[in-house]
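A quick write-up on the structure given underneath.
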Amino acid sequence: MTMKIKIINPNTTQSMTGKIGEAATNAAAPGTEIVTVSPPMGPPSIEGHYDEVFATLGVVDEVRKGEAEGFDGYVIACFGDPGLFAAREIARGPVIGMAEAAMQAASIISEGFSIVSTLERGLVGSEHLVQRYGMQAKCRRARSTGLSVLDLEVEGSNARSVIVDECRRALEEDHSDCIVLGCAGMADLCRHISEQIGAPAIDGVTVGVKLAEGLISLGLGSSKRRGFAYPLPKDYIGSVSGYAPGPRH
Amino acid sequence: MTMKIKIINPNTTQSMTGKIGEAATNAAAPGTEIVTVSPPMGPPSIEGHYDEVFATLGVVDEVRKGEAEGFDGYVIACFGDPGLFAAREIARGPVIGMAEAAMQAASIISEGFSIVSTLERGLVGSEHLVQRYGMQAKCRRARSTGLSVLDLEVEGSNARSVIVDECRRALEEDHSDCIVLGCAGMADLCRHISEQIGAPAIDGVTVGVKLAEGLISLGLGSSKRRGFAYPLPKDYIGSVSGYAPGPRH
Amino acid sequence: MTMKIKIINPNTTQSMTGKIGEAATNAAAPGTEIVTVSPPMGPPSIEGHYDEVFATLGVVDEVRKGEAEGFDGYVIACFGDPGLFAAREIARGPVIGMAEAAMQAASIISEGFSIVSTLERGLVGSEHLVQRYGMQAKCRRARSTGLSVLDLEVEGSNARSVIVDECRRALEEDHSDCIVLGCAGMADLCRHISEQIGAPAIDGVTVGVKLAEGLISLGLGSSKRRGFAYPLPKDYIGSVSGYAPGPRH
Amino acid sequence: MTMKIKIINPNTTQSMTGKIGEAATNAAAPGTEIVTVSPPMGPPSIEGHYDEVFATLGVVDEVRKGEAEGFDGYVIACFGDPGLFAAREIARGPVIGMAEAAMQAASIISEGFSIVSTLERGLVGSEHLVQRYGMQAKCRRARSTGLSVLDLEVEGSNARSVIVDECRRALEEDHSDCIVLGCAGMADLCRHISEQIGAPAIDGVTVGVKLAEGLISLGLGSSKRRGFAYPLPKDYIGSVSGYAPGPRH
Amino acid sequence: MTMKIKIINPNTTQSMTGKIGEAATNAAAPGTEIVTVSPPMGPPSIEGHYDEVFATLGVVDEVRKGEAEGFDGYVIACFGDPGLFAAREIARGPVIGMAEAAMQAASIISEGFSIVSTLERGLVGSEHLVQRYGMQAKCRRARSTGLSVLDLEVEGSNARSVIVDECRRALEEDHSDCIVLGCAGMADLCRHISEQIGAPAIDGVTVGVKLAEGLISLGLGSSKRRGFAYPLPKDYIGSVSGYAPGPRH
Amino acid sequence: MTMKIKIINPNTTQSMTGKIGEAATNAAAPGTEIVTVSPPMGPPSIEGHYDEVFATLGVVDEVRKGEAEGFDGYVIACFGDPGLFAAREIARGPVIGMAEAAMQAASIISEGFSIVSTLERGLVGSEHLVQRYGMQAKCRRARSTGLSVLDLEVEGSNARSVIVDECRRALEEDHSDCIVLGCAGMADLCRHISEQIGAPAIDGVTVGVKLAEGLISLGLGSSKRRGFAYPLPKDYIGSVSGYAPGPRH
């Protein structure tokens, strides 16, 4: 079965988009065409609610264009799952948030996980998602490494060892059995971390690709009743007028 | 004590902004200057997650400008509380979401409330907020009237009686003691509804004004530690580059 | 708008009533008349469930008298919110519990708070309130300073620095962004604590005054349907016969 | 093993105290001495938060006296469990609330129960207890019969058939497997109801007697650490000065 | 990538095993070898906790043998997910419960789902799983069709239309956007139901196959720390002595 | 009142069965006949989900036989409450799980408890039960001593002091007021532990005996509606065919 999946890095940092695309492509099945993009506008990293507002614009724009381009499904490659519900409204096929995907996988292969993330200020965002996805009994703690998102892009930095150390502390102190990586920028480190800590580490981008492939192959897309029904056609004004949802034929 | 509060109608429908402004001004204390705006861009009504993405852009833009204009606090006048957390990041003073405000008031004056809202497709948004604000034990049900947001703006329509009827059903069937009005467009009907149903009806816009006044007068604004800390300075690219958070002096 | 609000210190310690009254008066709007009382009977401090039973008697008695005296609203100035629901049954206007008020304010200006209180034995009471008010996701921890309520009344004691130290630990260890002061006897320290710790500290008495003013000005009082309906008229016997609820004309 | 258990009817209606006492005595083991009392002061029935305040005074007074009289344990025979935590503070042995006891038994013998109670205004009280006792997943609904507490004391009334009918509706509509009787005044009807509906009906008074006997025989009483530690000695003033907790020798 | 997945129908009804196997095979990727089995012992259908005890024995036996046979992962094809945690202890690779899989998929493609199941007595089992998987906010109701499991195996019965009718009622009355089929015996009806009701219907067997394929291809298996660590080696006695976990080399 | 209660040690270690039987017999009322058994097949200790599957078989077999032998009720003497719901389906009288019993007692005599258990790998099982029984607000932590179940059977080991030390840490660090012993093998240590730590320690076996006695004497057994209705008659095949539920006359 052939299919086209769009991976959207909601931030504009091309080196991260490259890493994400490589991880996604490696994970994809033979018949799957993976296209990885970042929006042409927005923040270089998402480290708070304000950054997220502008990144969300890019996400929904990429899904909007993706529908015209014939994509069968989408993965949002930022741990905050920005724009997830709006994207599901405009997409025919499934839209996967990497955080939701990673937590679902973690709840299958373990009885408790820790999230290991970047800056402390982002933890409340993770905690909101844990609550929204009903993972309170499974997620034992969300942890910060103190690294910024772009620290992960610096060649030769100690980011890798800082993350491994925090993952080890998580297993020990939180009584967790598995680690959910809390940033798409860690996608390339997943296998290394897992080997170092002797327990599964989960990257939501690659899990998202497999979930999207699975749902698409079963013909399961966003339900168009009630919650994720297509936007009602209406005119928008001003700088966003081009995004107005038109009538569906 | 004098203070300036900006009321932001996240949609672009001026007649609704007018009604909201009138209700807010009537509710304000003598020394309070109320300025009510809608953004220059965005959807005319917010009826789903997709609309909300673009309305949110307008909300944070108005708060951003408001900080430069010297506002002491803000009320977001749409029942979905769009952009609430991002707005709190960039505001020095308090930012009130009308849904959070209304539910807090309802939980003080009653032991259980129903939300009476517009279209059925918006109910899941209300249910998310109920969960986010910890109101599961207080909110007995979120109900739809089947009215669109702009039906409320049509002179001579039967919207008023449709809403009153739904509120009556809510009191009877949900065992609720009070009604939370689920749309800023109902602000002008609040007193009428309350009189007709013989129980309190709560409009979050006016409650939001009083909450904002109260917190401002006590010197309580958005905590700048962790969750609502100012955005980190960084460059944005493309059409949103003008919104990039600069350094704070 | 002029209004009369009664602040009820449920314990009988006059020095604390004085402090509470001063804080409340300072917080009130120009047209608000603040009257602060303690009941003529009851315990000098409330440090457990047993003390609370007798303090509650005083609270409802003060509200009962307050209705005859023409008060428009009430604030219960003890962090356990004793007698809150009974008071709402007999009051026409709003009745604010300082704990509920403080937690609501904290959930607006921060993404997580700690309660800093007096004796360890009182923490379970705070935890019950956190659960009753749906604040489990917002309250990160209830903490004890080890101080008794009346330690706060001793001139020249180190209570102030003990509290500031515990607040600092809360911010650091609990990942909280703001502090809710867990005793009405700390009302006078609120500004000092906030300055020392560099984050908002919230005193529920003053927040309660502003909430009461706001709800009164909007005409919102205790719903008289179901949960807070007036007590049914009946005869009481023995030493409490004078409190029997009579018929309402 | 011989023991003395005090059953406290928190209201002052002697006919109800008689019924409760008879049910308790029938349930007790041979060596158990049952003493059933109502306080000398308070309301004739508890139908709201205000009534409960005054009934609570009587409950704690009876436990206070009971400790001097050498009772080994207590059952509070009103479905609101008034004064339960305060009573546990002053009692050495176990104090059982009939609502907690009934819900615990129901959660052992069924996978879901309904509470069938008296007036609609009391249902919120039952819902609070369901939440406090962690029974949200077990209690499928709290229902009102519309009967007042004292309707149950009227000879020849149709109260019995009204209750049976409501219990039948509960089994059918709520998908419940068992009924928790929501008023101590129904203690004498328990067996009759159970026979009529063909499913277990549970009266918390008798379950409370068995729980008290069981805990006493195992030497398990109220933990005197933290939550239920004895009240701190202090002076009370005014009409309640006689209740002041003294020093413990 | 080639892999071997064992689908375990925990009951012994071969016609159902056949249907399940056909659905699983159709869903599998080209390189996946699907083997579908029922245990050689156990009940013909699982309609209660007692049946489940014996079916569980068969499930763990099949996983135990599967490990020796070189399977890479497992799907438990009964909506009660019997033996799921025990299977995860003994399996190297992932073990998917069809109920967990179906609910995860439903929570991605909709904002609320209903479970449509067989006999009423099984609903409490579904409700337990909803709670265990943290799906309380997503699952709006578990519904019974009144059909027994084996009714689904009767050629020419009206089971199909009974199920479709119940699904329609669920969409209408529960405000659900999608249906989770609550029995593996409905696997062959999934597409038909979905077409008839105009909304997604989800069969957990096929979703389970895709999830297993995805996790296996990413190298994600049951974490061997703590919760799902291999059983400790010990001797069992009596009729189950052959199942004793031996030492791992 | 005379009655027969069967205590089932789900593991096959006779020394533990002996200890449990002694504790149960000491706790029983004069007219109660206590019979304590372990199944003739199964694991010598239950330390994980896999062991539990086989122990469950033994539990339901003992209850099945017990019904024929005329027992009035049952206590399952393993802290995982294995087979509890299945046993309730086939038993006429009450079936008590020692974990549920212990947690219920702890929630009566304290405002918060810790579970002190054996191996770390078993803690997730305890956490599941805490959630299933709605004890999240009462159970402050489940703790491991690192002891295996059979360590408790070794004469002269330091198990006793290891447990006492962990209980002391629990009281101190978890802010708990009472200890729930997390293994039936600690039944004989209960009084000793309680004396050493100066706070109540609860053994669920003895509490279970008293609960069973109480419910039996009140005529309260497993509700035969819906959730715990008798198994439907059907044929089982293979090695478990002898357990097939027959028709009820």
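Chains here go by letter, A, B, C, D, E and F, matching the order in which they are written, and residues are numbered from 1 within each.
Operating definition for what follows: a residue touches a chain if its C-beta (ideal position, glycine included) is under 8 Å from a C-beta of that chain, and two chains touch if they have at least 3 such contacts.
On a predicted model such as this, the values are computed, not experimentally measured, just so you know.
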item	value
Equivalent of A-E within the choices D-E, B-D or B-C, defined by over half of its residue contact pairs recurring	B-C
Between A-F and B-C, the pair joined by more C-beta contacts	B-C
Between chain F and chain D, distance of the C-alpha-averaged centres to the nearest whole Å	27
Centre distance in Å when chain B and chain F are each reduced to the mean of their C-alpha atoms	52
Inter-chain centre distance, chain A versus chain C - centres from mean C-alpha coordinates, in Å	44
Residue list for chain B, restricted to those that touch at least two other chains	85, 88, 111-112, 120, 123-124, 131, 137, 175, 226-228
Inter-chain touch pairs (all)	A-B, A-C, A-E, A-F, B-C, B-D, B-E, C-D, C-F, D-E, D-F, E-F
In the complex, chain A residues that touch chain E	1, 27, 29, 85, 88, 94-96, 100, 104-105, 107-112, 133-138, 171, 175, 177-178, 191, 198-200, 202, 206-207, 210-211, 213-215, 217-228
Chain B contact footprint on chain D (complex, rising order)	120, 123-124, 127, 131
Residues on chain B engaged by chain D in the complex (per definition of touch)	111-112, 137, 175
Residue numbers on chain E that touch chain F, as the complex places them	12, 39-45, 47-54, 56-57, 60, 83, 85-86, 88-90, 120-121, 123-124, 128, 131-132, 148, 226-229, 231-232, 234-241, 243-245
